[in-house]
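Each chain carries a letter (A, B and C) given by its place in the written order, and its residues are counted from 1.
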Amino acid sequence: MAKPELKLVPTPSDADPSTDSPAQGEMPFALVQGEPVTQLPRDLYIPPQALEVFLEAFEGPLDLLLYLIRRQNLDILDIPLADITKQYMTYIELMQELQLELAGEYMLMAATLAEIKSRMLLPRSGDVISEEADPRADLVRRLQEYERFKQAAESIDQLPREERDTWAASAATDFRRPQSSLPQVALQEMILAFRDVVSRAAMFQHHHVQRERLSARARMTDVLAAVDGGAFLDFMQLFKPEEGRMGVTVTFVAILELMREGLIEIVQTEPYGPLHVRAAQTPHLRLVEGEPADNSTEKDS
Amino acid sequence: MSDHHIRNVIEASLLAAGKPMSISEIGELFDEDGRPDKAQIQTALDALGSEYGDRGIELRETASGWRIQIRQSYAREISRLWPERPQKYSRALLETLALIAYRQPITRAEIESVRGVAVNPNIVKTLMEREWIRVVGHRDVPGHPELLGTTRSFLDYFGLRTIDELPPLAVIKQMIDLNPQLSLPVAEAPDTDAVVVAADTGEDDGPA
Amino acid sequence: MSDHHIRNVIEASLLAAGKPMSISEIGELFDEDGRPDKAQIQTALDALGSEYGDRGIELRETASGWRIQIRQSYAREISRLWPERPQKYSRALLETLALIAYRQPITRAEIESVRGVAVNPNIVKTLMEREWIRVVGHRDVPGHPELLGTTRSFLDYFGLRTIDELPPLAVIKQMIDLNPQLSLPVAEAPDTDAVVVAADTGEDDGPA
């Protein structure tokens, strides 16, 4: 229970003791910390700074109503509607005075109470009454239903639970868990993935379709790897005569392409002297042509 | 396979796993040519549970299987292992959880109609993140609202084997039939009238 | 404080803590007005260790304190708790790898522009850790993005001598053609190798 301490809010002396004194004042209406309390609070005055806390402790209008009923130890089936409505309205007014943001649910409940009250004040003919339920019936049903789950929530909170009442027991394992093996990939899988990505891309990029030779691309990677260290490399070292004419051509095309993309630099210190290649050091080189999108003029239409 | 070996494998596996294990999961740990059957494992579990009788640990069956856990009577000492206090859950969260647990499957709107207040989305989020509740379907009404239900983790966390082990819901007090009095003008005695509630007594009093 | 209680608190705390505990850490768990001294705790630890003599667990002292661990002789059974699951790489990873293989050297931005989605850094990391790809340089554009290429390990793994042994694009185009759903734009240019890459070089093709 979240609110027992609030029953102990002292009645301030400036409150008028004659107001809001419920008719059930004679009977013991609550147990507070084990002590029977036989006197109702004189009114509903709560220090403003406490009210906000007080109201936040309620889970809604049903909860507030239940509190008002339980505080007087009343049977839920036998609500003194006039009193309860009055008290409820007093809380609503307090909330409004304090300009607390009043949840719509509270106002709805106030309206419901007012409606029930007015219906009960209206005289009705006997045959209508026999068909119509007591106007409080639906409210009582809702209150009872809510109270069941309020109690259920408390029961759940009492259940022994992990991390509060019990903990999982575990022991260390010294031996290594079996190393989960790295995923295996079949070449076919990768090719299928490429097929998919290519065809997918083709669907929204109709142009840019052009011929491409794989080997020059791969050779570009090889050349870049060879000059990876940043030092100059003899141009001739990039070529492998044993690859034959085609291989040499491919390497040459790759070098040209890398130069075009500004990825490598070729330096010749004197005319007809040896050529040296290194990875591009100067970012400003061929800045524009290196852009992927600049090749449109060279594309097939 | 000796009973002794079966017991030791069970104890070691439950402690190594640190979470509940079903009997068949336990069985699969044994070498194939010496695998005890379920009855043998159950016997060994019972024996192990008795051995723990006077210890700080206990063997417990929850929704996901058997686990070894700290006995509640040692919670005071063991909780000192962690300086921070265990999380306390708000009443709003517990009430929402209770409605989902006892009334599942249930929509947010149905929770609202019982609690009288809107369901706080953060509460549902927290319960989902804790894996205590999940969406179990959609109600076949306009908008197809989500139906919420509890999970196995929820049962494990609260040490329950099934949802039926939740504490029973309070029984709604039988309404006294006071129809004769209602024929009197109600306004004359508004404070003393008993209330007649129709058609609510056949309701379920426990979790489904 | 009975020896029995001391033993139970020690056992429960070592099993709940999930880490080794020193004797003084254990001592602090007890209520102040019943706290055993270090000698008592040591005695209880020794007794507990003996009790575990023929069990699947054992008590061990490590650098940071005492812990209960699974006995090595049960490693075979207990290892089965963590079955070796054949893992699979995601579609996104395979596509990224394929693009790097076929279009190298290639930047992340270029991969993105083909795949239409951002490159997941974990994918690149996984491929690097697997030593299938590496940074082969930087493109000379603002930001100097890394250029990715495949490695020798990649070739070895897939049984290729050179990258040229990857199926030529024409073959892949045929594969696309054979799949009616995927053939739309490619079918219009059946005599070209249909590869779509924003950063295409425009070089002449030749026999692969």
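The criterion applied here is as follows: a residue touches a chain if its C-beta (ideal position, glycine included) is under 8 Å from a C-beta of that chain, and two chains touch if they have at least 3 such contacts.
If you're wondering where the values come from, they're calculated on a predicted model, not measured in any experiment.
Novice: Looking at C-alpha means, what's the farthest chain from subunit B?
Specialist: Ranked by distance of C-alpha centres from subunit B, the top chain is C.
Novice: Per-chain C-alpha centres versus the global one: which chain is nearest?
Specialist: Taking the mean of all protein C-alpha atoms as reference, the closest chain is A.
Novice: Indicate the whole-number Å distance between the mean C-alpha point of subunit A and the mean C-alpha point of subunit B.
Specialist: 24
Novice: Between subunit B and subunit C, what is the gap in Å from one C-alpha centre to the other?
Specialist: Distance between chain centres, rounded to whole Å: 36 Å.
Novice: Once you find the CA centre of subunit A and the CA centre of subunit C, what distance in Å lies between them?
Specialist: Their C-alpha centroids are separated by 27 Å.
Novice: Residue numbers in subunit B touching 2 or more other chains?
Specialist: Touching at least two other chains: 12, 15-18, 57, 68, 70-71, 78.
Novice: Where in subunit A do residues touch two or more of the other chains?
Specialist: 167-171, 173
Novice: Enumerate the contact residues on subunit C facing subunit A in the complex.
Specialist: Touching subunit A: residues 12, 15-16, 18, 57, 67-70, 72, 75, 78-79, 82, 84-89, 91, 94-95, 97-99, 101-105, 107, 109-110, 113-116, 130, 136-142, 144, 147, 149-150, 157-160, 162-164, 166-169, 172, 175-176, 179, 182-186, 189, 192-208 of subunit C.
Novice: Considering the complex alone, what residue numbers of subunit C touch subunit B?
Specialist: 4, 7-9, 11-13, 15-18, 28-31, 54-57, 68, 70-71, 74, 76-78, 80-81
Novice: Give every residue of subunit A touching subunit C within the complex, in rising order.
Specialist: Interface residues on the subunit A side: 167-175, 177-178, 180-185, 187, 189-206, 208-218, 220-221, 224-225, 228, 246, 250, 253, 257, 260-263, 279-280, 283, 285-287, 290-293, 295, 298-300.
Novice: Which subunit A residues qualify as touching subunit B in the complex?
Specialist: Result: residues 2, 23, 59-63, 76-83, 103, 105, 109, 117, 120-124, 126, 129-130, 133-137, 140-142, 144-171, 173 of subunit A touch subunit B.
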